[in-house]
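What follows is chain A paired twice: with chain B in the first complex and chain C in the second.
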Partner chain A sequence: MRRHAGDWPLVLPLTLFFAVFVLVPLALLGAVSLYSDTTLTTHGVAQYVKFLTDRFNLGVLGQTLWLGLLATVLALVVGYPLGYIAAVAPPALQRVLLLVIVLPLLTSAVVRTFAWVVILGRQGIVNGLLAAIGLIDAPVRLLYTPWAVVVALAQIQLPLMVLPVITALGNIDPNLRHASHALGAGRWRTFVAVTLPLSAPGLLAGCLLVYAGSVSAFVTQTLVGGGQLMLMPQYMYQQAIQANNYPFAAAVAMILLAAVLAIVIVVNTVTKKTQTLVHG
Partner chain B sequence: MWGPAALTSAGRFSYKESPVTTRGVALDLDGITHRFGHTVAVEGVSLRIEPGEIVALLGPSGCGKTTLLRIVSGLLRQSGGHVAVDGGIVDELPPNERGAGIVFQNYALFPHMTVEANVGYGLRARGAPRAEIAETVERMLALVRMEGFARRLPRQLSGGQQQRVALARTLAVSPRVLLLDEPFGALDKNLRLDMQIEVKRLQRELDITTIMVTHDQEEALSLADRVAVMNHGRVEQFGRPDEIYDRPATLFVATFVGTTNVLRGKLLDDGTLDCAAGRLPLGAVTTRPTGPVVVAVRPEHFRFVVDAEPGIDGRIELVLPLGPLVVYDVILADGTTLKVTSARGATSRAPGDRVRVALAAGSPVSVFGP
Partner chain C sequence: MAEAPRGRESRRSRVERWSFGVAFGAAGGLAIVLLVAPTVIVLITSFTNAYSLKFPPPGYSPRWYAALWNDSPEILAAALLSVEVAAIATAIATVLAVAGAVGLARRRETWARLLDAVFMSPLMLPTLALGLALLVLFNALGRGLSMTTLVVGHVAICTPYILRTTTASLLQLDPGLLDSARSLGARRWFAFRTVTLPLVAPGIGAGAFIAFMASFDNVAISLFLSDARSEVLPIRMWHIIEANLDVRAAAASGVLIAAAVILMLVLERLTGVSRHLR
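And now, the complex of A and B:
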């Protein structure tokens, strides 16, 4: 697209919005994290030292990143085939599928999370079903487990995985599949050698969105994970609101941000590489 | 011989056959019909293509020529009729097993693979040994004169180079029939001629039966041994380029291929066309019953005559010098225009000149019913 020299005022509102509501709060957060005491009098990196030298804290960080990874993998395993089906579906069916895929985005994440509480609870749908067909005698604990969090996060973030995958698959010239077929490759080889690599940019973008969304999903993590499962967003909330330790909460936030940013940068670099390979 | 036995023996082929020793096989299309929903895309097309022949499917967009090519390739299953390669019916076989190699209009090179990986793709898919793949890829790249480009990616190549690679990729699996979908459509004019010569060279060298889809009549007439002119899913005429050009079977062929003047009128007993603008003697063309007719005359078959000879009077509107030829746009008394071409000679005519137009002696004239 051609850029015009006089176009810059158009980006001014967004730039201002971004500066006031993202950059400034972020800078404040950074500044707060650099106080050594809860009354914000002495500067220092004591909060970071405290976090990074404590086994429990590092465990929370590791658990958060790990759960995010599991949720992303699950969303990928479920979302890629769904995206594939939607991408190859005839137009009429594709419209229906797209609507179904996008529909969850139109309801609040809180509502979707409560749906999972209802589904997985002691008297929930899953336990009821298992009891009805005689597989279990007493309700099993599904809610308030790490796996429940992974499943709920994957489902809630699923549209963010499926939409980029559909876009990437839709951008692949169908003649490439035909060419592969005409050269004697079966469906599986065509998928592995042509379709999958060419959809990699969309797949990686989806993973990034789901991952970033999952590690910071305070509501879902808290409501489905319960009190026992300590993850970074909840840890922040607890330190800031309950313990009134703003500098430490800010440091937790900055560390989570840095960790996710590092992962995003790595994945983005890989994505760029595959993109230049695919789109030139 | 169109039985199941022929199907297994003739339908399959092995990568071991050397592409350079490919011998042309006959290709028969027998009553091919295809419908998309309620639309008939191809209707009752029967063509017999001789071994080693290059045939062009020529027609306007939407005439069914690409659909027909996809049916021959095996990418699309026809609603009715049969495709036979070398006498064996291949309707049930996928593209590679029926020995059809297709080069797509946009080449469809795998963008994430090098030239060498693209060319070797078909051989890898059928599990050829590594050494043989390397050897064949090298030979194929030499065949299309792309030896130095093995490690490049498709996007690093020009359109013509991409087409060479696409040809090499298709030929690497030794197809018995080569199918080209609008092969030169994406190339600019200078490159197009080079690639047309290149494709013709390869086709001759390999003696491979080839079908080419095109909407470019010059391309069809210059490259093909025979041309099938298609319209509305049907073949209007199948013949040598000179037959198509000089003896069009239908008014559609006459107007679609080359430039044609269409005159409507009544054919009189003495072989004269009586039209609104005057009377034009058609010479010996009186095989058709007299009455209302449509007559098609090529611009180069008209000539200007002196007033003593019979002909149609008109006035020159425009003069377009095209190198060795000059095209005159002549407006007749009833307002219709004729295109007349003649060699650029000493007698130059200017717009506004009054002229009398007649048929050059012995010119082919096509007379159709109204």
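And now, the complex of A and C:
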């Protein structure tokens, strides 16, 4: 390590930037949330009391976390098999698959959300298909429903699930699979007993990214969910910019931050546990 | 993948192989369709000759691309501003993050791991909260919103991408190379410039590219930190889609998709960017 001992001052500019423009602002936000009135004169926990004792507010929080969870499960169910296929594919096919997986990530999230507005709209392809096969007479409302938000979130965050899964599966020694087959275990048993546990760190990392992305996806939530579906990011924005109620908006932000942070800590702990299980 | 050596396959294991392949193939295929189809549908819709986003379009024409180019100065101005903000923010973030990565790489101390977690936090935490927090800071400082406040917010979200890819490249670097350079008399900066930098350049480039796209795409930060005059492209598009579903949004999306594909293919050749995303 001595070789790098003298390099540490290089971290200072970045540290200074993050201290001034990330840590201090977040601390200020926390401080603002501890005022009881919008003119910032009286200290108190009134904003948190107001949030946590109101059914509407709790509903907004619950709905946000619930839709995030559903989107994560959906992304996992569809994304894991794709990660598996990409990981065991021959190199040429793997390159193509990686490009297909990465490309949506580099296309604007607004564009990807817009795609869902087109697909699920009254004149969209889903309504068109349903009408063509005679299931519906008039276009049904698909946009502005919770399910639309879940499907759109899962699709938009899908690459974030697949990429860590590919990495984790790529790190598994294929001989373990072969040994399992040779010892008589079938495909499914080998997958459940060998491959799945060994890929758990990547799977959990993917779930974490999708979940964190989903609960704070302002654009997708507002455009696909519309005005009827109030979720935490939009609530925070509305309270700060439209209602000018900074203390309450700050409290909403802190509660969302705490919810995401709690999940991050839980998942990281579970990840460490699974790693010691596998390697310990 | 090579198959495990086996003699005559039992009926049960054939069924297993078959059902496993079908289940994973179906789910994986669905994932591919989900990844590709929305983009294709937007591209097709953008060439509609109608006034609505009906799919499939009743007929085709490039009229909305023409409308975008000829009669949409506000969208073009927003696009230019987005490029400008993303370029400045990426440049600043690259300098900060590369220096930070060199300082932190291969360090195991608690402070180094803690700093790393802080620097990576914008990837995980709701950036909308960071946007609001920065707005509170600038209000407290009595600073009005400007291009500067916007860029500051964007630097924070650009940094983690570059830090991650640069650190990964530094860890793959053979430390013996630097030792050789040093023992041959190279000063620290000279060794960095002639040995380290060329070898980690693809990693830095890939990170900077992803950071640029993240900044260009960001709504959460810009929503709070841009003043009335400076509207960035994703927010302009958000307004259009939310308000009246103008078909020009489809044309603008078409341009963004084409730009992403072209940039991606160029950078894949130069830096192998897809490797760095994992």
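Assume the second predicted complex is superposed on the first by the 274 of 280 C-alpha atoms of A that agree within 3 Å, B and C clash if a C-alpha of one lies under 4 Å from a C-alpha of the other, contacts with A are read in each partner's own complex, and residues count from 1 in each chain.
Everything that follows uses one rule, which is that a contact is a pair of C-beta atoms (placed from the backbone, for glycine too) under 8 Å apart; a residue touches a chain by one contact, two chains touch by 3 or more.
Note that the structure is predicted; figures quoted are calculated from it, not measured.
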Partner chain in contact with A:246 - chain B first, chain C second, else both or neither: second
Touched partner set for A:181, first chain B, second chain C, both or neither: both
Greater residue coverage of chain A in the superposed arrangement, chain B or chain C: C
Touching partner for A:50 - first (chain B), second (chain C), both, neither: neither
Chain B versus chain C as contact partner of A:173, first or second or both or neither: first
Touching partner for A:198 - first (chain B), second (chain C), both, neither: first
Shared chain A surface residues [contacts with chain B and with chain C]: 178-182, 186, 189
Residues of chain A defined as touching chain B within the complex: 173, 175-176, 178-186, 189, 193-194, 197-198, 274, 277-280
Of chain C, residues touching chain A in the complex: 1-6, 12-13, 16-17, 19-21, 23-28, 30-32, 34-36, 38-39, 41-42, 45, 52-56, 95-97, 99-100, 102-108, 112, 115, 118-119, 121-130, 132-137, 140, 152-153, 155-156, 159, 163, 175, 178-179, 188, 210, 213, 216-217, 219-220, 223-224, 234, 237-238, 241-242, 245, 249-250, 253, 256-257, 260-261, 263-264, 268, 273-274, 277-278
Residue numbers on chain B that touch chain A, as the complex places them: 73-75, 94-97, 100-102, 104-106, 108, 110-112, 121-122, 125-126, 153, 155, 169-170, 173
Of chain A, residues touching chain C in the complex: 1, 3-4, 6-15, 17-18, 21-26, 28-29, 32, 77-82, 84-85, 88, 95, 97-119, 121, 123-125, 128, 155, 158-159, 162-164, 166-167, 174, 177-182, 186-189, 191, 208-209, 212, 215-216, 218-219, 222-223, 233, 236-237, 240-241, 246, 249-250, 253-254, 256-257, 260-261, 264
